[in-house]
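Provided herewith is a single structure, encoded as structure tokens, for subsequent inquiry.
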Amino acid sequence: MQRATVCLPGKPGYPVVFGLAAGRAIRTIISAVVAALAGWKTHHFVDHLAIGSIMQNPPARFSAWPGDAEVAVALTFDVDGEAPWLSEGPEYSRRLTLLSQGRFGPARGLGRILGLLAELDVTATFYVPGHTADQHPGAVEAILAGGHEVGHHGYLHRGTDGLDAAGQRAELEEGLTALGKLGVRPDGYRSPGWELTPETLDLLGELGFRYDASLMADDRPYWVTSGTEPLLELPGHWSLCDWPYFGWTSYHGGLLADPAAVERIWLAEFESARQDRRAVTYTMHPEAIGRGYLVRMLDGVITAMAARGRPWFATHAQIADLAGAAT
Amino acid sequence: MQRATVCLPGKPGYPVVFGLAAGRAIRTIISAVVAALAGWKTHHFVDHLAIGSIMQNPPARFSAWPGDAEVAVALTFDVDGEAPWLSEGPEYSRRLTLLSQGRFGPARGLGRILGLLAELDVTATFYVPGHTADQHPGAVEAILAGGHEVGHHGYLHRGTDGLDAAGQRAELEEGLTALGKLGVRPDGYRSPGWELTPETLDLLGELGFRYDASLMADDRPYWVTSGTEPLLELPGHWSLCDWPYFGWTSYHGGLLADPAAVERIWLAEFESARQDRRAVTYTMHPEAIGRGYLVRMLDGVITAMAARGRPWFATHAQIADLAGAAT
Amino acid sequence: MQRATVCLPGKPGYPVVFGLAAGRAIRTIISAVVAALAGWKTHHFVDHLAIGSIMQNPPARFSAWPGDAEVAVALTFDVDGEAPWLSEGPEYSRRLTLLSQGRFGPARGLGRILGLLAELDVTATFYVPGHTADQHPGAVEAILAGGHEVGHHGYLHRGTDGLDAAGQRAELEEGLTALGKLGVRPDGYRSPGWELTPETLDLLGELGFRYDASLMADDRPYWVTSGTEPLLELPGHWSLCDWPYFGWTSYHGGLLADPAAVERIWLAEFESARQDRRAVTYTMHPEAIGRGYLVRMLDGVITAMAARGRPWFATHAQIADLAGAAT
Amino acid sequence: MQRATVCLPGKPGYPVVFGLAAGRAIRTIISAVVAALAGWKTHHFVDHLAIGSIMQNPPARFSAWPGDAEVAVALTFDVDGEAPWLSEGPEYSRRLTLLSQGRFGPARGLGRILGLLAELDVTATFYVPGHTADQHPGAVEAILAGGHEVGHHGYLHRGTDGLDAAGQRAELEEGLTALGKLGVRPDGYRSPGWELTPETLDLLGELGFRYDASLMADDRPYWVTSGTEPLLELPGHWSLCDWPYFGWTSYHGGLLADPAAVERIWLAEFESARQDRRAVTYTMHPEAIGRGYLVRMLDGVITAMAARGRPWFATHAQIADLAGAAT
């Protein structure tokens, strides 16, 4: 509406000479027609096919979202607990405050999140390090009891780029063992700290994972190669993660942002995804988003999404089930 | 109210298919009934008992807050003065600007804070390093004259994780001596820089402390173990501390946040605590919150709390007095 | 208007004694007259000629902008891709997540940006490292197909101050070769990471560049010396770049700012440039500004500029074409 | 007004039981009476005399501000130019972009600032490193021509705590020589990077400085000791400086804050100073605040101050002239 006003030719101050928006409405219609011809997936902005051709990571094709949804929203939570700090070095095992800050995730924040999801009848995906599963088995049980998905998130949250292939294999297998003790055989993996090496991709295929959620080359699901097999990538991004906004520790500092601004950012991305009719993944941590003041923000975000469009709140497994074969 | 509108079935744009909030009102009522059966402590969100079982740090039980208050609010201030910088190394003893930045706390900011608390008739807890007590005895006298509590905050604000058991004992005993000279025998302790080791916990019990305010595994008061005895933990968090928002020094940088955003964050946490009917601790530093522009923010925060609900502004000692025995 | 109200003498609370704005209106008129006598370029604030005399970098003279535009706006995009991370060290070649974060630029963000520019009928300048051109030739082809300018941005995005003259020459020549394979002979250069050494300036002249976009000594185009020849400088600034606001990586941290605040900043600078009737350069990165939520912000910024004034959206080459000779 | 509403007894939601603000109005009146008895300097908050007694840095006494002003506002600008970067190490002399970022201060930003101050008829204090005076003599001449004060800011902006007494003496004397060539004999000093050592204080007295603007132990002018003589301190603070909000460089990062938030912060401090009837110092850098979008903010800040109260915009020298003798 605001735009329509701006686009009215002849409006005082309208830069007729430089013609910024003169033909915008017409061009937008043409773009939409072109996009419509390419299938159900319409884009707000022109999709330059020339760009697509340079991508060695082809986007996955989805015929439609269930129930005529406009957008697939994956709410995902990394239940890190004490693991990330313990993996930083032996001196961290004495730092009880920092460890307790992580422990807040499974011990307190998770309960709030599960309660909210139950209230809103939304299912989500929880990536759980093996160490968290061993230390807090009740946390995993509660996640499963809520009907949510559990994914793999390493064992001690060790960064993949600090490990060789053997070290990565051990970390993956220990994680599988820990989750297995609780009856979980994960379909998906997210790398600790969001770093991935070529060895990781190969191991994911070998160990039978169906999808990964660690890369960022696109904001649509896309195909990568694991060994010789295709592996589905469900990408995230730091701007859609709670940690850069709300993660603050005494040894690393950080930011404590205005939740109102983050709510606007996440909803703006939701609008973008809705117009693209794509899937979008939000990544959170119970030790951050599970704080009282932030669960209220999350509540507001989910509620606003439901009010603004027709979102499908889906687990990563549910989205992966719908992905067409890699071309 | 905004929510009620959102939840109305049939509202245009309401995602009937994906049913986000369809049964929300009903589920919320059920949650409240279940919570009510569990005692006076109602939770806004479902409390998953499965999560509770994994906590090795059981929350303390409170039968009720005085005067039918909905929430217990502990305003706490760490009167660090010059100590934190002096503990960083001998070269800091020449850095008069940085030292003066800390000195502003007891010399100027504290007066403003005590004046505000007196105006608002609110009592608070002040954690004072022994070094501050030795250098600024009048600061401690003024705190006591205002009817506030004085707690232990180390001697030279040395981080516990950089000290062995003997070093920690010395720091604790020197702090007790310094406060003792001013007639203070503290009941509570907060670790400098919010880090605590197993040795600290043992020493706290041995030295007769009743509670600690250094850990973060929950946002409700909970029990930890000191030696073989239970010790009450009154947890805080960086998001409820002024330093990550307003602490800026030339050697460490930092953030200088928008006070309006922090006010919203702290009030949102207040609302969360109010709905949980729990205690909540805010942690501040006179050298930060005592600046003219921030005392105005603190005034606004306290006034808004009083206007929005029925808070009990309590010292940590008053809250500890009401904590039921550890189970 | 708000100002006019403030300036009314006799308004209650008006500081007559200290006379802040008493003569402001009169002084502003005098300033405007003086500025008008100096040519078409009027300044909102008095231009102290004494300051001008100390500048060894004289501002370029422009007789007028095309079509009676009030301001020349250069939208520029550095299509860094994977290059910056690869230049940081060999260990980065395994860090697939970080590399994919950069890859998002040419692979996904660029398409959105080109689509938006096409819709708004705006041309822009894209600075492309040779490595990006080699890895993503389709990206360069799409930029050219959109009628935009392609500039030089090094080969592997190596910082100039880490290279000697020979290393810089190699980086420049490799970049020229890579762009040349796609038919591009760039007129302009922007240094990777915005750092430039005296050797770079000499090499730019020797290699036939007409202008540089790496320095910040003024916010008007100005002349620098390359060898013995003048070289046009089209200055930028970090506050007008998306990276300090929206660049966040796991190894370097960063900020994820409120887009609404950045929009206000960029439009305030636009107003300043409009009043100065100067050129202004905005610098962006497809991996940042190309995220869904930020393309929406960019859309809002450009649309607001068109609605508020008479901007000329120009490439750097177009602006350089109009620059008068160095004096 | 908002407060009055909050304080009305019987208002729904008013916490009668916990009595937050019940007696606030009465207590505020008593405070004001007590403060009034202590002289013209009234404080919004109770001034705890016990705190005053621990200050070894007694606040300076001012009988009144000229013209019945409520508050003395010192706008101060550190014209650093290239000096801070050159002092960091020899490798910085090749980094032309970073140097040009500093050069923007005297070459471009200063002119804008002087123009604004002339329009608003406000005088200010400019602290100028000797190196800036040598490199940009026209900048100093323009400052003097505007009727402003020039203070000492070191020679090459070297941090005092990295220098011994001899090094500090050389830096001070070189600065005096450089300013002296332009006819300036400064009365005041601000340390580069806001750090000061005991040797600096002694040297300031020996070299005949009347006041310093480098410390932060109070937010009122106060007395320190230089050798055996009192030296007036005109304190600043990072929260009232533009650099932590708007200083961003490629080698050190930083923050680029929302100017609207900074405007609110600076005006809130102004209100605090106005209620205290004290002097307040704002510290800025032409390379930061002199950017187009920020000069507009500064304009808004000064204009709002004039509209809200009766400020006396004064140089540091003018404030120092009024300070009563140290007790």
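Residue numbering begins at 1 within each chain, and the chains themselves are lettered A, B, C and D in the order written.
Basically, contacts are C-beta pairs under 8 Å (C-beta built on N, C-alpha and C of every residue); 3 or more make two chains touch, one makes a residue touch a chain.
From a predicted model like this one, the values you see are computed outputs, not experimental measurements.
**Q** If you check the contacts of chain A and chain C, which chains show up for both?
**A** none
**Q** For the two copies chain B and chain A, is the contact made of the same residues on each side, with over half of the numbers shared, or of different residues?
**A** Comparing the two copies, chain A and chain B contact each other through largely different residue numbers, since under half are shared.
**Q** With chain centres defined as mean CA positions, report which chain is farthest from chain B.
**A** C
**Q** Take the average of all CA coordinates in chain A, do the same for chain D, and state the distance between these two points in whole angstrom.
**A** Distance between chain centres: 46 Å.
**Q** Please work out the Cα centroid separation of chain C and chain D, and write it as a whole number of Å.
**A** Chain centroid spacing, chain C to chain D, equals 32 Å.
**Q** Could you tell me which residues belong to chain D and also touch two or more other chains?
**A** Within chain D, residues 254-255, 257-258, 261 contact more than one other chain.
**Q** When you draw the chains as points and link the ones that touch, which shape shows up: line, ring, star, complete, or other?
**A** It is a ring, because the chains touch in a row that closes back on itself.
**Q** Could you please write down every pair of chains that are in touch?
**A** Contacting pairs: A-B, A-C, B-D, C-D.
**Q** Which of the residues in chain D come into contact with chain B in the complex?
**A** Those residues of chain D that touch chain B are 3, 6, 11, 13-15, 17-24, 27-28, 31, 43-48, 50-55, 57, 161, 191, 193-198, 200-201, 214-220, 235, 237-239, 244-245, 254-255, 257-258, 261, 264-266, 268-269, 271-273, 276, 280.
**Q** Help me check something: in the complex, which residues belonging to chain D touch chain C?
**A** So the residues of chain D touching chain C come out as 66-69, 91, 94-98, 100-101, 103-104, 106-108, 110-112, 114-116, 118-122, 135-139, 141-142, 145-146, 246, 248-250, 253-261, 291-293, 295-297, 302-303, 306-313.
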